[in-house]
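Each of the next two complexes has subunit A plus one more chain, namely subunit B in the first and subunit C in the second.
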Partner chain A sequence: MRTNRRQFIGGALGLGALSAFPISAIAQSGGTIKIGLITSLQGGYAAFGQNHQRGAQFAVDEINAAGGIGGKKLELVVRDDGLKPDIGIAAARELAADGVRIFTGGLVSGVVLALNGIMGELDSIFVSAAAHGNNLTHEDFKPNYFRVTDYSAMRVGAGSHLVAQRYKDAKVWGSIAPDAEIGRSVMEVVNFHLPRAYKELHGAEVKMTETLWTKFGATDYRNEIARLMSQGIDGLIVGLGGADETTFLQQAGQLGLTKKIQGFFTSGSEFLGAIALKERTPENYWSGFHWYYGAYPDNPIAKRVVDTFREKGYGKHPDGFVGMTHAAISAISAALAKGAGETSKELIPALEGMSFDSVKGKITLRKEDHQAISDVNYALLGPAKNEDGWEVVDFARVDGEPFAGAPTPGQPLKFG
Partner chain B sequence: MKLAARLSLAVLLVAFLLAPFLVHPGLVFIAGFAMIQIVFALSWNLLFSYAGLVSFGHAAFFGIGAYVSAVALRYGWHINFLLIPPISAVLGAAAAFLVAIVVLRRANGIQFSVLTLALSQLVVVLIGYSEYLGHDEGISAIPRPVINLGIATLDLNNPLASYYFVIVIGLIAIALIWLVVHGPIGRTMQAVRIDPERAAFVGIDVWRLRVVAFTLSGGFAALAGSLLAPWAQIVHPDYVNWLASAQPLFATLLGGAGFFWGPVVGVLGLAWLNYAMRTFVGLSEIMIGASLLVVVLLAPQGILGALRDAVRRRRGKVAGEHR
Partner chain C sequence: MMSLYLYAIYNGLVLGLAIFLVSSGLTLAFGIMKIFNFAHGAFFMVGAYTAYALTGQEASSLFVFLGAALVAALLIGFVGVIADFAVFRRLAGVPAEYTLMAAFGILLLSNGVSKIAFGQAVHTVYPPEALSAFLDVGIPVSVYGLFIIGAGIVVFLALEVGLNRLWFGKLVLAVARDPWMANVAGLRVQRLKLFSVVLAFALAGLAGGLLVANQALSLDLGHSYLLYAFCVVIVGGLGSIRGAFIASILFGLAESLNAVVLPSLPGIATYSLLIILVLIRPQGLYPELSQ
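What follows is the complex of A and B.
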């Protein structure tokens, strides 16, 4: 029998339609506890999302290998949010209909805000492993939301303190940030913490020059770099993120800015800039991390995660996204092991105020606003003659508690 | 053919109405979202297939409705939510009217399209500066309203009530758009689209008609946007940017430009593709892109165009052939 083109297309469409038919594919079985991981697995965030998935899967595999929780195995169900809030919501509703009550993941703040808004309705909890927005544990706080990582103000505050400690003689600080809410928020924290840290640590006054505001997606920073070089700065705060930050660092290195100053820090780009720039990675570059594995050589959990990551051939350097979903699953399993059931009514009180062991050591989930009180990690990166083209020159574990601010769920974060 | 089309529409209507009883809540959410996108795409197609104007910034009007509705709910405006969709439509229409009388005086064709794109991006930037509108983070955790209907109350916190609210308002909007394009204004629009010079020659005020079309289209886009806040419970600048403006364009081209129901088929096709590919992590974008490419290569007039040609071929008529 010969199949003509029309029959083939018809058959293919029919098969496609069947594959999309919404039959419950993950019906809840009695012996497993399902955890939904919603993260971004495409576009510019795919690498981070992939590591989210890996970290969570490592934790699930470890717990299952040790016999599960109360005889029940954990099962990770992964969904891509496509970087869009509505796709994230559809995924959460689909999983909730299949009996999933525990969610983790969350890379893009828009998606996390959307998920945050519906967790109560779904009688579920969301343990966020990366979203950094100050608002999630302040003005947009929801009781069904927990965050196992630090957040923007905490990270930037700790970074300001770190550079004040390391660069005693740097008295003039410049800054560059995107002209958007995230950039303004970073600068608000820096302007509060950096002068205060110099005063406390060295009894010195520090001069902050006028921030240079840029547009998202800019490709040419030469004018800004020239202005920064003419300001006579000793140190620099880079509030740009992602690809913008990499572009800026490349041009700042080429034009000699990063050699001219004593040091600079960026709050949340992990290994991203160094991996992209390789041997062109600038000197004196402090990069912020959700978790820097090298800062925890004696932590057995961290060691296990690093070994597994390397054994599976995922690369040499697991990033903070691996570590934080691992921490999220650790928190969830600790609450379940305490006897909490899978409903939000049981899990929320079990998680509130709970301390648990993680890749980052002891993390406590603050009772009032469900924010993790933990270390804040930074690594000093620089160029190197090795196969990566860059290396970690130094690192810092800053106690995050003084920078976490008072818990004010429902209220915006305030300084001063 | 007409009978088959009517039957298909009836089946589609029944599927929408019975969705909460047939499929899981994740798919019901997608169905509600698709209804909102359908109204938005039809409002864009009103311009494209009937008035011959291409807007690359239509999401700005959708955004007006979305943000009006979001702030009304988030900040607890003392207003019956039933009035929010019409108020949004009026505000969207007013904004579109202002844009039209300025832009259409000066620009036509591609200049018009690019100007609409620039204006919509300006709206995104302005939202980013506004604390009231939640800056770049948007407005989230939007509460669903309880609507006082006089004799009873409609609590949209009930998932069924919320779904049917979106479907009913969406169907009313579709009916109104259908009436517009099948009435005298719609026919005049078609005359202008086909040959503006000849239309002017027979006494049609082309500029005024385009302003009317743009105003109506902006109003319907804002009405669609007003349904987003109670449904998705988040409104974000991503729903206003150029990529959001491209969605009705994709839907119309996929479903079939020149057909009233083309955008409906396109929106449902895209929603189905996105849903079917949701577990093909990493492959989904490639497969959706490849599927669209296949449709464009095999059916340049969209899915409905291909179906029409197939029916004609079966009846022995070939498109473009004179008999």
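What follows is the complex of A and C.
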């Protein structure tokens, strides 16, 4: 019997349908729970995104090596958001079509904000491991969103308190920040907390000079640096991040600003600036961390992550992005281990108010706004005559709760 | 306050000439190939990474610094040869949109290869000792800044004189303005186009090598300058070296003075200037005859 073309196509389609359906069904029910990691793997923030991927993979490997969750293995599926909300959304939709209901990652607040908007529609949850915007757990709060790391209000509030403690005599503070939501958010917190910290700790008034706003991706901060030098500042708040922060520090060092001031802090580039600047790292440079591993020498989870990072040859210093996706997977697995299924209806109540063990010790996800209540970490970085060219001179582990503010989901964070 | 304005003017000149160093190759590529080479920013970045790979964080001497920039120019020029044979020459007879898409493809390829070859870390590079000093003339004038101004002027003069006064430059311009007639007149059109492509690419590599110490080095570096470069090519007059030179200085000064005059509105001067100049002179400051 000859097979004509129509029969062949019909048969092939039928065979395809029969073979594809059971494979897909087996994949979902049989063995794996897929977790989508959406982060930024391009441009000046790519190093952070790469570490997001590493930390999540470490946690997945640990859980799978211990037998998985309820007999199911975890599988990490990674997508790049290209630092763009539309690409992030396309990635989430693509993964959701493949059965993914649990997402983590999220480097940039703008991308996370867009992803949060579709999580309800996808019956999914997003457990964010970096995005810092105050709005995400306040005015733009969505019930399908959780954040396992600190956020701008906590980080910058704690940083303001820290520098007020360490630099008693610094009475005039300057600031430079990107003209974007994150920059405005950082400065709102600083302008509230820094004068208050000086008042409380030293009974002193502190002067905040006019903030210098810059655009993202600038190659030249020399005019801003000259202006800061003319303001007679004693201390400086740097709200820039990634390669922008490194460019600023490079040029500020060349023009002598970093030597002229007593101290300065940046909220979130971790080791990035010191790794780039090497022996030219300024001596009075407090860098904010999602997690500074040296602050947790007795934490077995932190120790395991540090050891794995080094064994795999990724370097000597895992940053907070490694730690926070590890924490996100730990939170998700703790919720699943409690018996929650993969749907958002089951995961949301399981995660709300939950405390779990992480690289930073116990983290609690606040029930009302899904914000992590945890420590805030800073490290004082400086130049060194060693292989790296820099070292951690000192660090601070500040209780973040007093700076977290009251939970006000759906309402903007209020200061004062 | 006066010294802040003076410093902004000096700094604007440095930025302007840095923009010209990047945009000169883009302008040339447009003048000859009639396309916006989207990959230009990526090749500028690869040039910078190449120089960093050769010198490390600080070049041991001015000679090594310049040598590394030259190697970067040669390497990217060689990439230009490959790009011409593999892509641009094959698309010579098809509408310009295809070449534009191909250039975008080269950009994606270059970004991907750079990520694999150079990693994702951010680096800082410092000028060699001979260029690292500051002159105190009321404002802190960096010798490296003066070097960038000088390098920009040298490249401008070389291109201006080379294209308009030397016989070889005139042949290149003849091909750019009417390739069919140039072919009829017996000129080796493909070879002259290849030379132009290589020169345009090499200029991107050279700019990368010379400007590597001006800011942090990351995979974003190309984007930072490419937007300025496109503005400059449009405002200068598509394909005009002289127009690009003047436009670069205008944009550099506008961007720099923006930080002093309107510090709460960063970047607004660049876009305002672009809109105003395009409205006033839609044909560009020095419209290139071949357009």
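For this structure, a couple of remarks:
We adopt the following convention: the second predicted complex is superposed on the first by the 381 of 416 C-alpha atoms of A that agree within 3 Å, B and C clash if a C-alpha of one lies under 4 Å from a C-alpha of the other, contacts with A are read in each partner's own complex, and residues count from 1 in each chain.
Basically, a contact is a pair of C-beta atoms (placed from the backbone, for glycine too) under 8 Å apart; a residue touches a chain by one contact, two chains touch by 3 or more.
Everything numeric in this text was worked out from a predicted model, so none of it was measured.
When both complexes are overlaid on subunit A, subunit B and subunit C end up clashing with each other. By the touch criterion stated above, A:Gln42 is placed in contact with subunit B and with subunit C alike. By the touch criterion stated above, A:Leu255 is placed in contact with subunit C alone, subunit B being left untouched. Contacts of A:Ala197 after superposition: neither subunit B nor subunit C is touched.
In the superposed pair of complexes, A:Ser230 makes contact with subunit C only, with no contact to subunit B.
Of the two partner chains, subunit B is the only one that A:Lys84 touches; subunit C does not reach it. Of the two partner chains, neither subunit B nor subunit C is touched by A:Ala335.
In the superposed model, A:Leu212 makes contact with subunit C only, not with subunit B. When the two structures are aligned on the shared chain, A:Lys142 is found in touch with subunit B, with no touch to subunit C. Aligning on the C-alpha atoms of chain A brings subunit C into conflict with subunit B at a single listed stretch, 275-283, out of 41-49, 239-247 or 275-283. When the two complexes are superposed on chain A, the residues of subunit A that touch both subunit B and subunit C are 41-42, 46. Contact residues of subunit B toward subunit A in the complex are 23-30, 33, 128, 135-138, 140-142, 157, 232-234, 236, 238, 272, 274-276, 278-279, 281-282, 284-285, 298.
Contacts from subunit C toward subunit A in the complex involve residues 3-4, 7-8, 11, 14-15, 18, 57, 111, 115, 120-124, 126, 132, 134, 139-140, 142, 214-216, 218-221, 223-225, 255-256, 259-260, 263-267. Residues of subunit A that touch subunit B in their complex: 9, 16, 19-20, 22, 24, 41-42, 46, 78-80, 82, 84-87, 89-98, 109-110, 113-114, 116-118, 121, 133, 135, 140, 142, 180-182. Those residues of subunit A whose C-beta lies close enough to touch subunit C in the complex are 41-44, 46-47, 49-50, 179, 210, 212-215, 217-220, 222-224, 226-227, 230, 242-244, 246-247, 250-251, 254-256, 272, 275-278, 280.
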